[in-house]
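Lettered A, B, C and D in written order, each chain numbered from 1.
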Amino acid sequence: MAAILIHAAIPLTIILVYALVAIWGERKIAGFIQDRLGPMRVGGWHGWAQSIADLLKLIQKEDIIPTNASRFLFKFAPFMMFAASYAAFAVIPFSSAYIGSMINIGVFYLLAVTSILTLSVIMAGWASNNKWSLLGGMRSAAQMVSYEVPTIATVLTVVLVAGSLNLMTVTEMQAGNDTLGFLPNWLIFQNPFLIVAFIIFFISILAESHRVPFDLPESESELVGGYQTEYSGMRWAMFMLAEYADMLLLSLLGATLFFGGWNSPFGDFMGGPAWGFFWFMLKGLLLVFVMMWIRWTLPRYRVDQLMHICWNILIPLSFINLVLTALWEVIF
Amino acid sequence: MIEVISKETGNKEMVINMGPQHPSTHGVLRLELVLDGEIITKVRPHIGYLHRCFEKYAEQMDDYAKVIPYTDRMDYVSAINQEHGYVIALERMLELEVPERVEYIRVIMAELQRIASHLLGIGAFGLDLGAFSPFLYLFTEREKILDIFEKVTGARLLYNYFAVAGLMRDVHPEFKTDTAEFVKTFRPKIKELNDLLSYNKIFIQRTANIGVLPEKVAFNYAASGPVLRGSGVKWDLRKNDPYSIYDRFEFDIPVGTGEVGTLGDCWDRYMVRVKEMEQSLRIIEQALDGMPDEGDVMAAIPKRIRAKEGEIYVRTESPRGELGYYIVSDKSASPFRVKARAPSFVHLSLLPAISRGSLIADMVAIVGSIDIVLGEVDR
Amino acid sequence: MLNAVKQSWLTFKSIFTGMGVTIRHFFGPSVTLRYPEERMELPKGARARLFVNIDDCIGCNLCARACPVNCIDIETVAATKDVDLGKTSTGNPKRFWLTRFDIDMAKCMYCDLCVHPCPTNCIYMVPEYEYSEYDRSNLVYHFSNLEPEMVAEVKEKAEQEAEQKKREREEMMRKKAEEKAKKELEEKKKADEEATKNEKENGGE
Amino acid sequence: MKTPEEIFEYLKNEFGEDALTFEKGDIGDPWILVDAASIKSVSKFLRDDPGMRFNTLMCLSGLHYPKEEELGVVYNLHSTELNQTITLKVRVPIDEPAVPSVEAIWKTADWHEREAYDMVGVTFEGHPNHKRILLPDDWEGHPLRKDYVPQEFYRGVTTRA
């Protein structure tokens, strides 16, 4: 029992600490990109305690439920959303010494569990009984269902090369430093088609985690706040938390599949479980940084263009890529 | 939820209120949208939330000059241009001579204000489409212009700087160097804007072929300024009906080209504004060269203006288009009637004509591309 | 197919160009001020608050009349003959006690129209912008430096003088009227006398 | 390019002397006073005639003349093709302020006419959406009339400061 609790507590702690840091970090990054400073007041050095202050404020806020909302679903949606992203962390290998649950179908489980996010977004959008929320919910349902296909196809490509659905095994086989003599044995350097796969994967996770240029469900300049319009206080904070957790989850998945997970880029140098955790988080956070960087650069797509990109470009491309990878594997 | 069955398609339609409090209606504008899914079948703009009785105030004032600060408040983004139109109308009506130096300072100020206004318009347009950073970069540049204005006029937004046949105060000695410095630093920023936003493929996909305004419709709706020029019409009051001393300067009229989509789409209107800023810089440079260093900034006119009976309609090119003042005077000290023909008002009225059949996201782009200021729409 | 590849490439290229611009800004300096610690220096002629140098004010009311929003409220009392209010620094003689000179900064629209008509340049804008208040009535600035007792005294004096003047005028009027009446009476008398004389003369004939 | 006088002569040949009068104030622009009944046909002629080609209606304003107890509508026209300008004016009695709408000729007149109705109370016959534009639909009175007194209460809310 105690072991289970500890296993459950470790990812939760990581998520919570990460969310506080990432929200602060995103504001700082946005600030620096826009020639500002971002939060500077709370806590002294560069306003590091800003997220904590925000969290305290959100906890104290009134919990408003619209009169005509579907009360149960309205209350339940944020928790379900957070639960889905949290549960998926169980199969992420944080270090060579730690993985929440060592199951053989890790990737499959992760993709299945994250699909629940779609449900909770629709739930929130529909339960609010607000037209903007409904539009946001519907958009996001379409978007997430669609973009799951290229995500799965690219993950499948990796699985094909690695030969395992267990993320720990996938990571372990990326150890070592002898691709072309000096590069680490990461999957992205193994095979030219995996580079294409990574690009498709990265675009898809941008869309899956509602980041610019695909942030249509909550695009504030069109739909006010999308499915979050009617939420306030703690429930809204849960959405925020789930969103950032989702971002981290998909980035970590990307780091595991393409960038060698907890493997050090320098072979055995700076290896070991503790350094492994460090490298893993560093890789994940770098991807998160790129997502934020993109967010503060680009405008967003329109909903039909979003669908066009997915169904007409990414899905065919990802399947062609899958076939070519298979050929490459057979030949070499 | 209000649902209606469409007579034409038989689909269920949803009525949705965009505004008056909505992030991308640029103020308190309410658009009543009838949606079939996400496709707009009908738009009904509702205005008047910012109506501040400018015309009634103008009649109630006991002096023609007291109206000038109220003209500032119509289009608060380009206050100088609003004043310019009003004082020119009065000067033409009373046949007053304006000193040379005043004309040059007025042109420099008006062109700086045009750049400032376009910066805000372009920035807010990008913001509507989800690009946040360009907005703040452009705002930084706008602040520099406002700094110049503050040093000259004492105010940052609502200047009340132009007086009838003169200026409220002379410019400070560093005015020329300050402005020249700004012109120098601003040119590279336009290139940066083009890199970051104008030629960004996502931005082009969002704005090309959207909200197409054909030339004929534009004339019928009396569109003017960048909206008309975006449709490919070479029409600029500074060239076609020159006022002040604009006939002395050399500059081009940028028009829409349809290079990324259809002629007269949102991108063309946007690009006309970007190119216009470069032309304004050219005018400023020429005006700085030609501006006399010494001279009066106030013509010798009686302290209180008393007009004879008569009326006049004077139009000037404000950043948003043709700004007209129709002034009727009787023999009293206050105007009998002042009507401001606001370009934003006219442009907003053509919104239903160009937005039928588009998506909600396009609606945002169209409203942003015609660049309305609600203060001017409602007056 | 080739076109699609080209389009995708152009899309990526434009995205990377944009990202290049933002990352340059990321490492560039910040342009903002951290307000309470750092303050912007307003230029000399900035219009942020109205100020009245009350010693120079002659109470001519021109500024109040120029104001489009009527935010200046002036009450003057004519100085009595026995006091000399002196002259302003510009040399204009002062003839009025300024019992009230209030400016409601909540109403003011910073248009600068009141500054120009002033004959002694005693009302002007100062670059001082940090004067927000919790109560709107605190935004009414009282520039008159007369104590309430002084105001009362001055008013009383002025009233007395006015009354005296009135009385004097009445006196004068009465005198005039009396004189006029006298004159008229005399004229009438004369006329009467003449009439009787004439009558007599006529009657005598 | 024609001067207003020439345009007046041109119009007189077409519509006769009864409907049109040429007027000018002591200062400013001259205008042509048009009979309310014929404003629509005059407008259509001005737009379509090859010698006129007034393709834009720059401005349309409503006026109130308290002394004559009349309302006026002023049309400022411009031809971008021939670069000429003319001002038309219509005056109607205040108790029967009906003017034919020119919305069908220049679409821009739509909102301008609604504003004129809202502000001075001229009614436009044949306007497709004849409603107030700036003020709420149930407002009383027309604010730009010289004798306008604002209503005390609007839906139970005082209109005083």
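Criterion: contacts are C-beta pairs under 8 Å (C-beta built on N, C-alpha and C of every residue); 3 or more make two chains touch, one makes a residue touch a chain.
Just so you know, these numbers come straight off a predicted model, no measurement behind them.
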{"item": "Most widely separated chain from chain A, with each centre as the mean of CA atoms", "value": "C"}
{"item": "Chain at the geometric heart of the assembly (C-alpha centres)", "value": "B"}
{"item": "A-C against A-B, pair bridged by the larger set of C-beta contacts", "value": "A-B"}
{"item": "Separation of chain A from chain C, taking each centre as the mean of its C-alpha atoms, in whole Å", "value": "65"}
{"item": "For chain A paired with chain B, centre-to-centre distance based on mean C-alpha positions, whole Å", "value": "43"}
{"item": "Inter-chain centre distance, chain B versus chain D - centres from mean C-alpha coordinates, in Å", "value": "25"}
{"item": "Centre distance in Å when chain B and chain C are each reduced to the mean of their C-alpha atoms", "value": "35"}
{"item": "Chain A residues counted as touching two or more neighbouring chains", "value": "33-36, 296-298"}
{"item": "Multi-partner residues of chain B (at least 2 other chains)", "value": "133, 137, 140, 196-197, 200, 202"}
{"item": "Residues of chain D touching at least two other chains", "value": "none"}
{"item": "Contacting chain pairs - touch in the sense defined above", "value": "A-B, A-C, B-C, B-D"}
{"item": "List of chain B residues in touch with chain A within their complex", "value": "1, 14, 16, 22-24, 38, 126-133, 136-137, 140, 196-197, 200, 202-203, 205-206, 359-362, 364"}
{"item": "Interface residues, chain C side, partner chain B - complex", "value": "7, 10-11, 14-15, 17-18, 20-22, 25, 31, 42-43, 45-47, 66, 68, 109-113, 116-117, 125"}
{"item": "Complex interface listing, chain A residues touching chain B", "value": "30, 33-36, 129, 131-132, 135, 212-213, 215-216, 219-224, 296-305"}
{"item": "Touch list for chain D against partner chain B, complex", "value": "24-29, 31, 55-59, 61, 63, 74, 76, 80, 83, 87, 106-108, 110-111, 119, 133-136, 143-144, 146"}
{"item": "Partner chain D, residues of chain B touching it in the complex", "value": "47-48, 51, 53, 55-56, 59, 92-95, 217, 219-222, 233, 235, 240, 307-313, 315, 322, 324, 326, 328-329, 337, 339, 341, 345-346, 348-350, 353, 378"}
